[in-house]
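Which chain is which? They are A, B, C, D and E, in the order written, and residues in each are numbered from 1.
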Amino acid sequence: MDLDTLLSFKWSVMAPEFIILGVATLLSVIDLFMKKEASRKPLAWLAGAGVLGALAAIFMQLDTEVTSILYDTYRLDSFSKAFKILLLLGTLLVLVLASNYKKEDIDENRGEFYYLLLSALLGAMMMASSADLITLFVGLELLSLASYIMAGLERRNKRSNESAFKYVVSGGIATAITLFGMSYVFGLTGETNLFLIAQNMQDPELLKHGFLLMFAFLITFAGLTFKIAAAPLHMWAPDVYEGAPVPVTAFLSVVSKTAGFVILLRFIIITFIAAPGIDSESLLLEVQPYVMILAATTMIIGNVTALRQRNIKRMFAYSSIAQAGYILVPFVSNSSLLFELIWFYLLAYLFMNIGAFTIIQVLTAQEKSNDISIFRGLFKRSPWLAVPMTFFLLSLAGIPITAGFVGKFGIFMGALGLEPAHYWLAAVMMATTLFSYVYYFNVIAVMFFRDGEGAKVSVPSGMAAVLAFCAVSTIILGVMPDLALDFFYGNFDINEFFMNIEAVDTHTHDH
Amino acid sequence: MNAWLLSILIFSPLLGVLVLMFVPSNDEKSIKWLGVLGTLFPLGIALVVLSAFKMGGEGLQLTEKFSWISYEVFQSKGQVSYPIFYEVGVNGLSMVLILLTAVVSVLAAIASFSIKQNWKSYFILFFLLEMGMLGVFAAQNLFLFFIFFEITLIPMFFLIGRWGYLEKEKAAYSFLIYNGVGSAILLIVFVALFMKTGTMNFEQLAYTFSLPQAELNQLFITKGFKMGMLIALLVAFAVKLPVFPLHSWMVRVHVQAPPAIVMIHSGILLKIGAYGVIVFGAGMFPDQFKSLAFVIGLFGVINLLYGAFLALTQTDVKRVLAYSSVSHMGIVLIGLAAGNEFGMTGAVFQVVSHGLISALLFFLVGALYERSGSSELSAFGGVAKRMPILAGVFLAGGLASLGLPGMSGFISEFMAFLGLFEKMPVLAAVGTLGLILTAVYVLRAVLAITFGAEKELHEARDLTSSERVPAFVLLAAILFIGIYPAWLSDMLRPTLDAILLGLGG
Amino acid sequence: MTGEMIAFFLLALTAITGGVLLINLTNVVHMVVALIFTFIAIAGIYITLSAEFVAVVQVLIYSGAITIIMLFGIMLTRHQEKEKRAPRLKIILTGLAIGLFFLIMYGKIKDLNFGQQDVELHVDNTKKIGIELYSHYVIPFELTSVLLLVALIGSIILAKRDDDEKEAKK
Amino acid sequence: MLQMSWLIPLFPLLSFILLLLFRKSKSESTAWIGVLLTGISLVMSVGVFLAVWQGEGIKTEGTWFQIGERAITMGFEVNPLNALMLVIVSLVSFLVHLYSKGYMHGDERFPVFFAYLGLFSFAMLGLVVSPNLLQLYMFWELVGLGSFLLIGFYYFKPEAKAAAKKAFVMTRIGDVGLFIGMVLLFWQVGSFEYDEIFASVKNGDISSGMLTLTALCIFVGAVGKSGQLPLHTWLPDAMEGPTPVSALIHAATMVAAGVYLVAAMYPLFQASEAALTVVAVVGGLTAIFAASIGLMQKDIKRVLAYSTVSQLGYMMLALGASGYVAGIFHLTTHAFFKALLFLAAGSVIHAVHTQNIEEMGGLWKKLRITGPLFLIGALAISGVPLLSGFFSKDEILASTYADGKYGLFWLAVIAAFMTAFYMFRLFFLVFTGEARGNEKGVHESPSVMTFPMIVLGVLAVVAGYLNTTWFGTFLSDYLAQGPVELPHGDHHGPAWIPLVATLAAALGIGLAYLIYQKGTLSRDWITRSFPSLAEVIYNKWYIDEGYDQTVVKGTRGLSKLGVLFDRYVVDGLVTAVTNGVQGLSKIGSRLQNGQVQSYGTAAIFGIVILLLIVALTGGYFS
Amino acid sequence: MSSVPLTAYLMLALILFCIGLFGALTKRNAVIVLISIELMLNAVNINLVAFAKYSINPGLTGQIFSLFTITVAAAEAAVGLAILIALYRNRQTVNVDEMDTMKR
């Protein structure tokens, strides 16, 4: 493969990644030359512009056909476009939060903060648009590393340090576990390209190694649950969420989690779609019970433990664990609904969670506390915060006319869709949702039923915009989910996800 | 105009919300009046709807249908779409309940004059609640039904938790969790039905389930599935109704919520349970429903007797009324279990009648509470002396509650039992014991308050003129239905006949 | 017993011994040193697997860079060189879990063999790897550079000494 | 005339509504509204009665509402039986209205009282003209409502409150029986109409077991309303109401509704021998049982109340013994003389402001009109020849004897003796001898009160000639026009029966004279001779106490049990679930111990467990 | 030719992985925890390299994969250490079990 071949690829399809990469590099360079005291506001604008640019690039690519570069190490298909939109949108909102996060520690590294955010985003985007184990892994690690650092960004804050350290240790172990599993996937098929792996999975030789395949699947899956904060690798989340700066927490709970689901979908579905199970059925069918167990466990742990939390960030950590459990449910359905359901739920989750974190950030900054009591009497003090917060909480709880409900409804469709329908999983989900009512509504109760002595809360305009955007989106998606669904159906053909065009591709480029 | 009439009705309470937004939150008087006006507006539209509604017409009327959400699924069969529509319509049954909702809402809004604080948010939530209730009865598909069903939950949570009495938050949570259980089960069932049949429309579902079993097998719909769905539905609505042993939340809510809200709750929200059982249970799974009739009847009788027995020794009048609601909902079940014309009609009559009666009684209890600061029976006595009108209306309400002929309660009890006696005479005979017990506890409570030696109340004034409106309107409605039931039964007949056709076939 | 076999066993033994020492030693520095042996042994293993380039990288990065920065880390954070044992319960539980994990995996690894195929991996190993890296894997390769930059910047901003702290000391 | 007969009940209803509107009026002339409107009813009733006497009849019905195929109808019917009842009811009602004008003088809720009277009259007349069971049932309950309101008229008195409640509940027990019977019949016949029911009975469409069951259920209703054993306890307590009310409701009309019901449904009862026997036995037992209690009561109204119960027992006995005409005959005469007695008693109470006969005495001189009228009543009820009670009672005895129920016959004779005894005990204690209570201010009642009594007095004397073997059996001829096939023609048992009856009456009166007037016999010789029996009788056979101990306590106990169940089992389950979840939550947060290594261990455990499950289920070891 | 079977390598890797895991989960010194994680990653590398030679589809891919892993591991070690140093500055401890201010 020579330079010509390399240049013959349609590198333009990587425009979003290039934009992010370029802006990130630019940021780090500009930051270097900026005076220490100078306001980093322009950097935020620049970063925001970069993300917007990348978003625009993706929207321009909507009509682009499936494109594969270098044996799927980069791949642009509907799936990647759809999820990259989520990643970009989430990061954009988190950027606003980040630029309004007032902490001395952060201030001195604000430029780096934006840089790290964009790098993490880049990693996540690469995860979305690659079908090669190595790229996926590197993307994953890029996201992870950047996140570790961001979690510890308040370096004079013991909690932030501790949070970052716990994150890095858990993350390291998780990476090792994931890799261990992946090494067997690789070993049993001898390929890193997911489509080739899938092809090799049909090798009759593998029938003898059903158990190893199954183990490889489970170990990898378990390792990947780290990113989405689902059982069994979920326990870092509360501690890390609590200690990390609020925007980082928001980033972890939304963007990082989305990326986690992206890699799960990409890796699990393509790799194992044709894999034989122990009894030489389909492996994906055979592992369903285990995924169900994990999903159920996650929901139970998240929702049940959240009941006792007094710290709002910690509560949201458990809530986020629980949400991960919900989103795992469609994985057992194996229907093509899987993608749009997860996509929609993540979209909804993005709005409601970032919205909630916006308010949390505003309040924790003003009250210098993370205790739920900072919400006391919020409705009296600042109804314009209390009402959107209520929307977000209701959405998280899955109450109708919010996006969360439609998302949850979709998940139910996933759980009950194909034969056999998984009633018990749906039941666990609903039961734990009920537990979640208690803690979500507890916040609501604190806001509405208690009297608070705190002052009126002032919201910076950027935050207010995020808040309004999230609140409106939460409601609009709840009332007219077809806006999102039609967009999805209209622009994304999920068949592309399964389309191995590499054969054609190499052919055209290799002569 | 007619094409949008029903939607206008459903969302008409939002106008009130909109207007209230622009009223300063400390302007008590205008908020309260706007609150009443805001409920009068839907009532007006409801009357327009009533006039547009062809009495005795078959099937749905004033239907609207718009595409709303659609999921596309690629299956082995190819692309299958799962569309969800915005579908509303009314039949006799829902027309009746919509009217009930509109009327009780107005009266409850008037009763809300006793609310002491935060009137603005109170009425905003109140309107949202009304919208939810109207929507529930007008919805013609599962999805919409569920959405409106849940919409009623949230305002209720706030209304109880913020404006209730001492243990209001506990009650609010109790309400939320129990109803959450119900709606959780509902959601599972609804989605399961949706995924099996690809439709959420009531009529289409009923039609699908009436297909011969051979065709259903292709959709993976077995008899067991149907039965399971029906049982799940019954359990879900049993929470709402409520049916023993799922009633404790309701007692708590009745005791703790502000009277105006209890009027709504007891008057309408509980009825959603009955409505659900009729429309989903009997309407969609007639065969299974029939085979469960005995169980339903049994629970009906248990409810009737259990509620009555517990109401006997309560010392708080609100608790008496709460358990009386449990007991009266038993009659709904009894009527449904009968599964014949009389039973069904009786059940619906009971729904309406209890809606009116309990609204009346809770309204009066609220008025009493306002005058005495207590709802303990022992705090009252000889109220008839200083407040003859209140006492008189209270007595009349009590008598209606115990099924005195000439009042609506009698018609429903009579028909429900008449129905059950055809199918399960022994069970019905056991159930009639409840009629005696009802008389005992109602009189015990009513007489303890109105009769006897007079006790000091801190404010002994008779019903004020604004309080008389709800009291008299409700009493008049109770008498009207009691004396001229044909009005109601004629409206209901086509709808119930359609359901009965399924049950009978 | 071929030479390769013997080499493998020796290397494996060294590697495992290093690991066991890591677990059992109490002096932190000793542990790291023990691990150096493991890392080097692993490099040897790579050679037996016809992966010379990887072996070299292993020596450079692991035995070199990583152990060194770890030692630096130990020095920088010297607080207590002697390592106290963790609570027994923790050890037992963790050991139990890991033991089970080992046994389960072992059961299926022990008869995993795909036979031998004739590939000349060691021929021009480095060159081939280079070509692959710059063609096939150029995207992850470039991405890795971003990753390293992130690690670099991150490490700096996290670990850099506070100026004001210095001032305070003055 | 007959077409207008549906208006008869509506006039009192109008009175009710009007008077409620004038409820705050202080003017006592409001009473005239009630009097006038019931007067109109009375006139119309008499007109209707006369028309029916001519052999006319009418039945008109319309659909009330429709359920499915079936129409529930409402309407009115006039037949010989209910035309007679119309007259009795409207007459007594009219007279009581009139009487109350004087009796209730000065009461601050004067118009309300008349309103209630109007409501009651409406219900009672409505009950009478009902052409079907359902309509009857509805008015049946409304009658109960009227009774309830009037018993509880003095609502501030705890006794009145208790009595009203008791009356309502006890009668409701009966009502439920009626309800069940009615509904069962409906499913047998497919209709609530009397004539359709009778037709079915006649055609033998109903199995005999079902016939008996329905008849008995309906009879339970009658038992409740008519204060028969064992549901009689409310009736004496109902005397807490104003006395005119007792006269109207608890003597003449409502309590007779039970008898009327049995009479109206007579073809059904006739079809079941067992049912008839039950009716007769219950009636007979009630007659003697209530009479026995009446012997020792000290409250003038209670004596009369027990006497009412006893007399109602007579009527039931008559009906049960196929003495259809006898029963109705006694109903008629009893309405007059018992209403008379009550009004007279009311007059006495009005005069002395006490109801305790121990505190009366020697009133004969002071109440020159009331006294003789009371005497007439007492004589009539005792069955002294030539007065109305004699004829009707005689017929009952004759029927019973003719029906072969000899045991009941003798029971009835003994009851007759007792009746005579306690009535004259009452008479002597109240009107003769020394005044034992306050004498001051005792004066005869105003003419508005005495006039009705006089009318009733006259009727109490002459009503007996409606049906006598000597002058003509007008009543039975008249009733024969009705739907009921009169059994065995007339009962005219052996000629000695009137003699026995007269003898029993004479013995009773004589004994009373000896004890209470002459003092020949010590007043307490019975009490001394049979102390325990006397104790039991004085305490009304401990029936109330028995109910208290069993039914009331049992119900309350069940209720308490239910409350406990609700608290500990129903709520307990919920609490258990809540605690369970919270426990889980606690465990969950315990595990989250802040040690990142524990998290790792937990994760490894999670993975290992998954792998183990795979291994175990997948056949790893095989 | 070669007599060392794939299983032997995999076994070695497994053993080292388990040792690394055990170290990471039980050692109190944070540096050792970090380095244990490196050991785990090393074990994975052995797998990758061994598979590169002995899988059904041998080739350089495994070796390249392991190169990426090594790089990433190094970066991770550096970042981990940096975090640890920041933590140490504030807390004066490197004992993992003392880092539990946030729990429950």
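Here is the rule we go by: a residue touches a chain if its C-beta (ideal position, glycine included) is under 8 Å from a C-beta of that chain, and two chains touch if they have at least 3 such contacts.
What you see is a predicted model, and the numbers here were worked out from it, not measured in a lab.
Minimum number of contact steps separating chain B from chain C: 2.
Under the contact definition stated at the top, the chains bordering both chain A and chain C are D, E. Among the chains, the centre nearest to the mean of all shown protein C-alpha atoms is found for B. With centres defined by CA atoms alone, the chain at the far end from chain E is D. Ranked by the number of C-beta pairs in contact, the top chain pair here is C-E.
Of all chains, the one whose CA centroid is most distant from that of chain C is D. We define each chain's centre as the mean of its Cα atoms; on that basis chain A and chain E are separated by 25 Å. Separating the centre of chain C from that of chain D, both taken as means of CA atoms, is a distance of 100 Å.
With centres taken as mean Cα positions, chain B sits 43 Å from chain A. Centre-to-centre separation of chain D and chain E, using mean CA positions: 95 Å. Residue positions 10, 20-21, 24-26, 30, 33-34, 50, 55-56, 58-59, 61, 64, 68, 72, 75-76, 79, 82-84, 86, 96-97, 99, 101-104 of chain E each touch two or more of the other chains.
Under the contact definition stated at the top, not a single residue of chain B touches 2 or more other chains. Shared interface positions of chain D, i.e. residues touching 2 or more other chains, are given as 589, 592, 594, 596-598, 600-601, 604-605, 607, 611, 615, 620.
Applying the touch definition to all chain combinations yields A-B, A-C, A-D, A-E, B-D, C-D, C-E, D-E. By the touch rule above, chain B contacts chain D in their complex via residues 244-245, 247-248, 306, 309-310, 312-314, 340-342, 345, 382, 384-385, 388, 399, 404-406, 410, 414-415, 417-418, 421-422, 425, 428-429, 432-433, 435-437, 439-440, 443-444, 447, 450-454, 484-486, 489-490, 493, 497, 500. Contacts from chain C toward chain E in the complex involve residues 1-2, 4-5, 8, 12, 15-16, 19-20, 22-23, 28, 31-32, 35, 38-39, 42, 45-46, 48-51, 53-54, 57-58, 61-62, 65-67, 69-70, 72-74, 76-77, 79-80, 83-84, 86, 90-91, 94-95, 98-99, 101-102, 105-106, 109-114, 116-117, 119, 121, 125, 128-129, 132-133, 137, 140, 144, 147-148, 150-152, 154-156, 158-159. Looking at the complex, you find that chain D touches chain A at residues 581-582, 584-586, 588-589, 591-592, 594, 596-600, 602-607, 610-611, 613-615, 618-620.
Within the complex, the chain B residues that touch chain A are 67-75, 82, 121, 143, 146-148, 150-151, 153-154, 157-158, 161-162, 168-169, 172-173, 176-177, 180-181, 184-185, 187-188, 191-192, 194-195, 220. By the touch criterion given at the top, residues 597-598, 601, 604-605, 607-608, 611-612, 615, 620 of chain D touch chain C in their complex.
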